[in-house]
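Letters A, B, C and D mark the chains as written, and numbering starts fresh at 1 in each.
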């Protein structure tokens, strides 16, 4: 049978990404408390295609996923990308996994246990020459209460569910649980799946005592995350499902902390060199 | 060319609905204030298929929509269904149109104008023998504030956007605007697209003064709608995008008011007949 | 603290369903081949509410789910509904679980293994007086190839992915795998996650040899399922993501097999009684 | 009443984007054939926020949309962005409009008219210093037929609906209709809303005669668009809703044509300078 994909293409056009999208896959991921948790991922999986090949071999992506499925681990991502580049004769490989991640949380007063779900995405790309590029994304639902509404009203203040999305590039291992915690502490109040009456009193009062605009949430996350030496780059978005409108409020910050740190070091060095020169003369 | 659809089917199986789904169509609908408004609808359009035909002619649905598109009106739905039954040799025809419907509302204090969107569905079915069956559905976003949270907390109370969905069968013409109003008046506060500071103060305080569980909203709508002689049947759903959870709170009521009214009449008649009999003897 | 939900409601309105919606939950379900499989479900969970109570206790739904989560099984659904009615003082309880279900399939020629995902819904309702009512729904992606296109064209025929949705009420246990098989055998060809070249040749030719309108798929499923004595009721829908249109083709059948069987028995009995009467006279 | 948003923020953090998201708006857009067409847009609308302000004034975005709504036109986008920067004291403004765009097409043989819908996005950003940055995106559904399947099978070849997404930055006005045409001509066959039997024969045979991998579609678009001097930058994606799998096939190319052209000019200049130098010596 002819291998059409393998035949020569004369258009001389390189393709950045080619592969499969929206494949569902059961997955076991590492979990800080319970070692492992079973979940279901949506998978996108691509390689690049040199200009001279007509097509890529789509079935090989599924073969690779089959091979690693039962013992999948973030620590093996580099290995998977390497195997992919080899099996598909590609320079680059991209793997994106999006899955609900569950954390057991106790409610704040009655200490009732409940599972919270957070949608996570791991997006990894490798080209063989350097370290794999990996972006971790978590989507954290929280409560926000409007500072303006509180300030100007006789009583009450409108609140709503907000979706806060944090993406990071790190230079060291960071638990998803740490990133989630950081976001939850920047909201008016965190969210629980199970709240008894005493807990509901607590979250209502806590949110009222901690009003946050959508702008406040992204700034508070930025303040905390900029201090974390393990984070090289991040974006933070907050989206309020406004209770008083049929549209959402939105804020977004992107920061390249690694570049900022290198700039600070360069400036400090220059400054001390200047000082030294002055003191020498 | 052979008409495959028209050939005989030997399986002897009647099909309840066959047709097209998820077709997008620009549409002009009647509007209480501005006469007409242009919108975009998602269309589902079906007929039934007798057991002896192999298939229906899908292109005819699109032809019919083309024909009526520029002068579409709810009042012509009966005519469209009749034309459909004829053109497709069918006993039954079903047409479902879902579209955003816009109403200009002034904000409550500063009287600033703004457009609110409401997702509406018109679902009509006709079989020729009797009156067309039509269900109107509106999806109304509102604010709800939790009565329990208000009662038990020192200050504040959590609120959220809620989606209230009302479906009705009527025996007379009813404006979408009337149904929307009825739902908005059953919430903690209605929603606006534009709110100035004085308006935000008003909606915050109004919601705080009118706490509503998801149960209260469906009951309040039920109370109001059960008094409306034009409504024969309805379902009412309310869904809170809870600000303190990552899941929603939900309530649902279905009532056949026509049957209830007929029962009341029958019972009254029986009672008066019994009385008469007693008085005669 | 006051129990607001428990207070008396004076509106005198019964609520059909009240509870929680769109809660995500990891779940282990029974699997024909591997005993168990871990998946993630979307959960809707409701009870009814008598007219005299103001509200239901939403946190109790989550408590019940917590309790049964680690050892969930369809065979325990009746027990869960019973516990729910008791814990929430309700007459009726409804539990709806929607989750991807994975089956390992070998490709048709090269026998390469691959996981296929099928979206399933289990919807169970119990009111204590009688047997629990349970509807199983599976959503099966298949290939369909157009009979008309094949008939009238010099070569080729357009094909597409179709989504076939089967819902059943059964009087005995039926494996999800059996229902899925029955649907796949009614399509032009079944779908696989991994196909080598020899497999692709096979599925292409198989689909071409088995053209199916959307009408054919629902009729073929109806023919097969009507013979299965374990099925009391079903609906079957087929939706083609048409490759030649930007809308979908759709067909739908609903059949109450239990009622049909009872009618047949009654008619046979009447007939034999009539015969007997005639022979006696 | 206190203007909380206007108060000073001490965290010293600049916000890239803050504003409103997912607001629905009726819109009239310019149309090549009919002058104007009414549609409904999803609107995202942001500005940046200097580090010293606590918040932005969300209601002003809605006021601006109200003002321009009735006479909206792409040619006024620059004016809207300018007014936004002024009204919100911002350096940057971003406006994103996503809407279905309808084009009347005649079927290929019977010349039957029908409306096709294409989802479009206009994303514009302005900062006052330079020309507004605008990206036009169109999402075009087409038919693709698999070259490998055709090559290796005795008869037939699997086909499917594909979604091709083209984004461009232009240096001159380009009609949406031109971009759509260019994409449709790169597919196995274009898609219509209404096809009679003779048309269905035509599209079936045309697709069979023009097999295209997902890779071919993005390459063919790239070939055509790279020749268009009005286009400075583009991305092209193609996604096959595979008829033989439950996942999609995907390809993606990004090209900065402006930079490529400038590089070519620089290289040509260098070459001719070298030649000149050589000839001089």
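Please note the rule applied: a contact is a pair of C-beta atoms (placed from the backbone, for glycine too) under 8 Å apart; a residue touches a chain by one contact, two chains touch by 3 or more.
The model shown is predicted, which means the values in this text are computed figures rather than measured ones.
Between chain A and chain B the CA-based rotation angle works out to 180°, given as a multiple of 5.
In terms of C-beta pairs in contact, the better-connected of the chain pairs B-C and A-C is B-C. Comparing mean CA positions across the assembly, the chain most remote from chain D is C. For this pair, chain A with chain B, the centres built from the Cα atoms lie 39 Å apart. The distance from the centre of chain A to the centre of chain C, with each centre set as the mean of the Cα atoms, comes to 35 Å. Inter-chain spacing, taken between the CA centroids of chain B and chain C, is 26 Å. Shown for chain B are the residues that touch two or more other chains, namely 1, 23-24, 117, 148, 152, 193, 195, 197, 201, 246-247. If you sketch which chains touch which, every chain touches every other chain without exception.
Chain C meets chain B in the complex at residues 1-2, 4-5, 9, 11, 13-24, 43-44, 46, 49, 54-56, 58, 147-148, 151-152, 213-216, 218-220, 222-223, 239, 246-254.
Looking at the complex, you find that chain D touches chain B at residues 1, 3, 23-26, 37-40, 59, 62-63, 66, 69, 100, 102, 112-115, 117, 193-198, 201. For chain C in complex with chain D, the residues that touch the partner chain are 116-117, 141, 143, 145-146, 148-149, 152-161, 189, 191-193, 195, 197, 200-201, 203-205, 207-208, 241-247.
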